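You will see chain A twice below: alongside chain B first, and alongside chain C after that.
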Partner chain A sequence: MRYSFFSKKLVAVTLLITGFVSAQSHEGEEVETGAHDLKTQIKEYIDHHLLDSHDFTLYSYTTDEGEHKYIGFPLPVILWDNGLKVFSSAQLEHGEGVAEAGGNYYALYHNKIYKTDAEGTINFGGHHGEETHEEDAFGENLVVDDSHPSNEKPLDFSITKNVVFIIFVGLLMFLMFRGVANNYKKNSLPKGVGRVLEPLVLFVRDEIAIPNIGDHKYKKYMSYLLTVFFFVWIINLLGLTPLGVNVTNNIAVTFALALITYLITTFSGNKNYWKHIFWMPGVPAPMKIILAPIELLGTFIKPFSLMIRLYANITAGHVVLMSIIGLMFIFQNWIGSPLSFVLAFALSLLELLVAALQAYIFTMLSALYFGMAVEEDHH
Partner chain B sequence: MTIPNIVGAGLIVIGAGLGIGRIGGQAMEAIARQPEASGKIQTAMLIAAALIEGIGFAALFAA
Partner chain C sequence: MEKLIEQFSFGLFFWQLLLFVGLLLLLRKYAWKPILGAVEKREEGIKDALEAAEAAKKEMQNVTADSEKLLKEAKAERDVLLKEAREIKESIIAEAKEQAQIEGDKVIKQAQATIEAEKKAAVADIKAQVANLSIEIAEKVIKEELSNKDKQLKLVDDMLGDIKLN
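On to the complex of A and B.
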C-alpha cells in the first residue's frame, strides 16, 4: 500500500519535472536558430506568444536548408466574405502560403487574415504610409512597421487556438462537475475529484457569495460565480503549461467575461440600486445632480477595471517570465543561465499564486457588484 | 512611447506601489491586533489592493 502510494508520487514528480524541462527547451529552440540577431528574435518570440494564432503549434524549428518546420496541427478557418468560407489553416502555411476558397484568395499578415490576389500580395496604401524608425526605451533603433495593409479584411470566425482552449476548458468543467453532481445524488460524501472540488465550491459560497450578496439572495448568482471562478482559474493554470496557451491575456476574452458581469449587475439592479445612482439619498440637491453622471460612469468603470485587471496581470506575468527565460540565451554562460533558470522557476511559482488570486478577485468583485445591485434599503 | 509618458507612468506606478504597500502594512497591523478578524481584513485588503492595482495598469497602458 505504502509502496504504491510512493511510486505514484514519484511518477507525479517526474512528470512535473519533465514538464518544466520541456517548457524550457520549447522556449529555447525557436530562439537559438535563425539568422537575425538574438534580442530581436526573443522579442519576436514573446510577441508571437502573446498573440492568438490560427494553428496550434507546439514547437517549430528551422532546418539547415533554411526551411521552417512546425510540429502541431492546423485549425479550421471560418470566414464570412459574401458567404461562408471554411478551409484548413494548413493552407495558409503559417503566413507563408495563400489559401484559396470559393474563388477568393486569403493570406496571413501579422496573424490576421486578409483577402489577397493569387500571389498573396499585401498592399500598403494606408494613411500611415511608409515605415518609420523609432527608438525604444533602450535607445536602440527599431524599424516600426506601422503601415496598415489596405487589403480587405473578411469577418473572421475561425476556431483559433484560444477558442480551442475555451471549448476544451468548458468541456472539462462540464464533465468534472457533472460527475460530481451525479455523485451527490447517490452519496452525500464526495468521491474522486469531488473531494478537491467540494472545499473550493464551499469557499466560493461561504467566503465570496454569502458575505457580499447576502444570505437570502446569493443562490441565484452561485452558478455564474462558480463558473467564472473555475474557468478563469483553470485557464490561467493552462497558460503556465508548456502548451503555450494564453487565453486570459486576450483582451476580448476578459471583455466578454466582464460584459457578462455588467449585464447581470444591470439587470438584477433593484429600485434602491438605481436610486443610489441617479438620486443619491442623503446629500443636498445640487450635489445629487453632480453625483448622478459620476455614478453612472462608475457602473461602466467597474466592469472595465475587471477586464483590464485580469488581462494586464496575466500578460505582465507571461512577458516577465518569458523575458527571464530569454535572458538565458543572451547570457549563455555558467553564471547567468542557472540564475535565470532559478528566477524563472520562482516566478512560475508566483504565477501559480497569481492564477488563483486573479480568479478569486474577479469572482469576489463580481459578487460585490451583484451585492450592490440587490442590496435593500436600510434607511 | 515618449519620455514624459514613461516618467508619468513610472510616477503612477510608484504611487500605486506605495498605496498597496500601505494597505498591506496596515492589514498586517490590524491582523496582529485582532487575529480573529483576519479573514474579513484580508478580503477588504485584497479588494482595496485590486482597485489600486487597476490604476497602475491603466497608467501602463496609457504610456
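On to the complex of A and C.
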C-alpha cells in the first residue's frame, strides 16, 4: 500500500514534468474507484481529449466534494439558429449548465451543443433499437453512449479551443515569416529564426515543389505548399506540447486542407490532365469507357486519402501515447509505471518525427497531384 | 466511418477553411513572395558571381598563356640576336686579322726595301769614304814616300808589281 502510494506520487510528479497536468483530475477518484472504473475513466479521458472543446481548459480536477473544477478561460459560442446567437461558453458550465440566448436554451452533450428546454433536458430518439430514455444534462457528460440525442442541433460556428489554436498558429506563422521576409530587405542573408526557416523553405521548394511540379510551373503553387507544410508541422508539434491542442486530429480540419488541395488540383488541371481522366490515351476504346469513372473517382480518392492519412496518423499517435500514460495509473507499481513512462517518452519522440513526416507527406502528395494536373503531353 | 461523420464539426471546418485561406493570402503577400524573391535574387547573384569568377579565371589563364608566349618569343629573339652578334664578332675578328696580316706584310716589305736601300746607300757611302780615306792615306803616304827619291821609285816599283799581280 505504501509502495503504491509512492508510485502514485511518482507518477503524479512525472505527469507534472511531462506536462500532462490535466490527467491529475483522476487522482482524487482513484482511491474510491476500482481498477475497472479507472480503465473506463482513462478511455473516456482520451476520447474527451481528442475532441474539440468550447472552453479553453488548461486542466481540470475534482474536489473532495466531487465537484469538477476547471482552470482555463471561456470562449465565445456562435450559433446559427434562426438568427445569430452569441454567448460565452461560461454559461454552458462545461456541460453542467444551460445557456440562454435569444429565448432559446442550449446545453452541451458530448461536446456538442443541443437545443434544449429551460431545464436542459436531452431527449434520446432511441437509435440502435434502444428504448427511449432521458438523461439530465447535469449528470455525467462523459458516459460513452451510442445513442444519439434527438434534440435539434443548431449550426455551431463557435470559436472553439481548436479555432483559437488555429488563430494562434496562424498569427505565430505570420509574425515569424513576416519577420524573416522583412530581414531580407536589409540583409541578403537570413538572420535569427530565418537561419532555421530559410533552409526549410528551400527544402519545400527544391525537394517538394520543383521535382514534382516541374521547373517552370512550380512558382504559383509555392504559397500553398509552404503554408500547408508549416501549418501542419507547427500545429502538429504544438499539439504535442503540454498545453497544446490537437487540431489535426479533427477530420474537419484535415478535410478543409484536403479540399483546398483538391480544388487547386482541379482548377489547374490542363487539357492533358482531363484527357487522361476521361479518355485515357493508348488504351482500346472499351477500356477508355471503363477507365473514365475509375479515374474520375481517383481524383476524389487522392485528396480523401490525404485527409484520412493526416487525421488517422495524428489521432492514432495521441491515442497510443495517452493510453500508455494511462497505463501508469493502472499499474501503480514500481515496475509498470516507470516502464510506461519510458515507453511514453520514446513514443513522444516518435510523435515528433510523425509530426514532421505527416506535414512532409501532405505537402509532397499535394505537390504530386498539382504536378499531375499541369503535366504536359509528351506522347 | 459513422463516428467520423458524427465527429465532423462544420463550424471547425468553416473556421479552418476561412482562417487557412486568410493565412495563405497574407503569407503569400507578406512572407512567401518577399522570401522567395530575396532567395532567388541571392541565388542569381551567387550564380552570376561564380560565373564572373570563372570568366576571370579563364581570362587570367589566357593572360598567363599570352605572357608565357611573349616571354618565349623574346627569349628566342634574344638567342637569335646573340647568335648573330657572335657571328658578326667572329667575322670582324677574322677580317681584322686578315687585314692586319696584309698590312703587316706590306709594312715588312717596305721596311725590308728601305733597309736594303739604306744598306746600299751606307755601303756606297762607306765605299766613297774608304776611297777618300784611301786617297788621303795614299796622298800622305805618297807625300812621305816621295820626299825620298829612292822610296818613290821603290813605290812605283811595288805598285807596278801589285798591278801585275792583279
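In this section, the second predicted complex is superposed on the first by the 324 of 379 C-alpha atoms of A that agree within 3 Å, B and C clash if a C-alpha of one lies under 4 Å from a C-alpha of the other, contacts with A are read in each partner's own complex, and residues count from 1 in each chain.
Methods note: a contact is a pair of C-beta atoms (placed from the backbone, for glycine too) under 8 Å apart; a residue touches a chain by one contact, two chains touch by 3 or more.
Nothing here was measured: the structure is a model prediction, and the numbers come from that model.
Of the partners chain B and chain C, which touch A:Leu368 in the superposed model: first, second, both, neither?
In the superposition, A:Leu368 touches chain B alone.
Let me test your reading of the model: by the given contact rule, A:His68 touches which partner, first (chain B), second (chain C), both or neither?
neither
See if chain A has more residues touched by chain B or by chain C, and give me that chain.
C
With both complexes superposed on chain A, which partner does A:His48 reach: first (chain B), second (chain C), both or neither?
In the superposition, A:His48 contacts neither chain B nor chain C.
Who does A:His276 touch here: chain B (first), chain C (second), both, or neither?
Neither partner.
After superposition on the shared chain, which partner residues are touched by A:Phe157: those of chain B (first), chain C (second), both, or neither?
Touch status of A:Phe157: second partner only.
Check whether A:Ser223 is in contact with chain B, with chain C, with both or with neither, and answer first, second, both or neither.
second
Does any part of chain A touch chain B in one structure and chain C in the other, and if so which residues?
Comparing the two interfaces on chain A, one with chain B and one with chain C, no residues are shared.
Report the residues of chain C in contact with chain A in the complex, numbered from low to high.
So the residues of chain C in touch with chain A come to 4, 6-17, 19-24, 26-28, 30-39, 41-42, 45.
Enumerate the contact residues on chain A facing chain C in the complex.
51-52, 78, 148, 155-160, 162-163, 166-167, 170, 173-174, 177-178, 180-182, 184-185, 188-189, 198, 201-202, 205, 219, 222-224, 226-227, 231, 250-253, 255-257, 259-260
Applying the document's contact rule, which stretches of chain A touch chain B when the two form their complex?
136-137, 207, 211, 305, 308-309, 312-313, 316, 357, 360-361, 364-365, 368
Over in the complex, which chain B residues touch chain A? Could you list them?
Where chain B meets chain A, its residues are 1, 6, 39, 43, 46-47, 50-51, 53-54, 57-58, 60-61.
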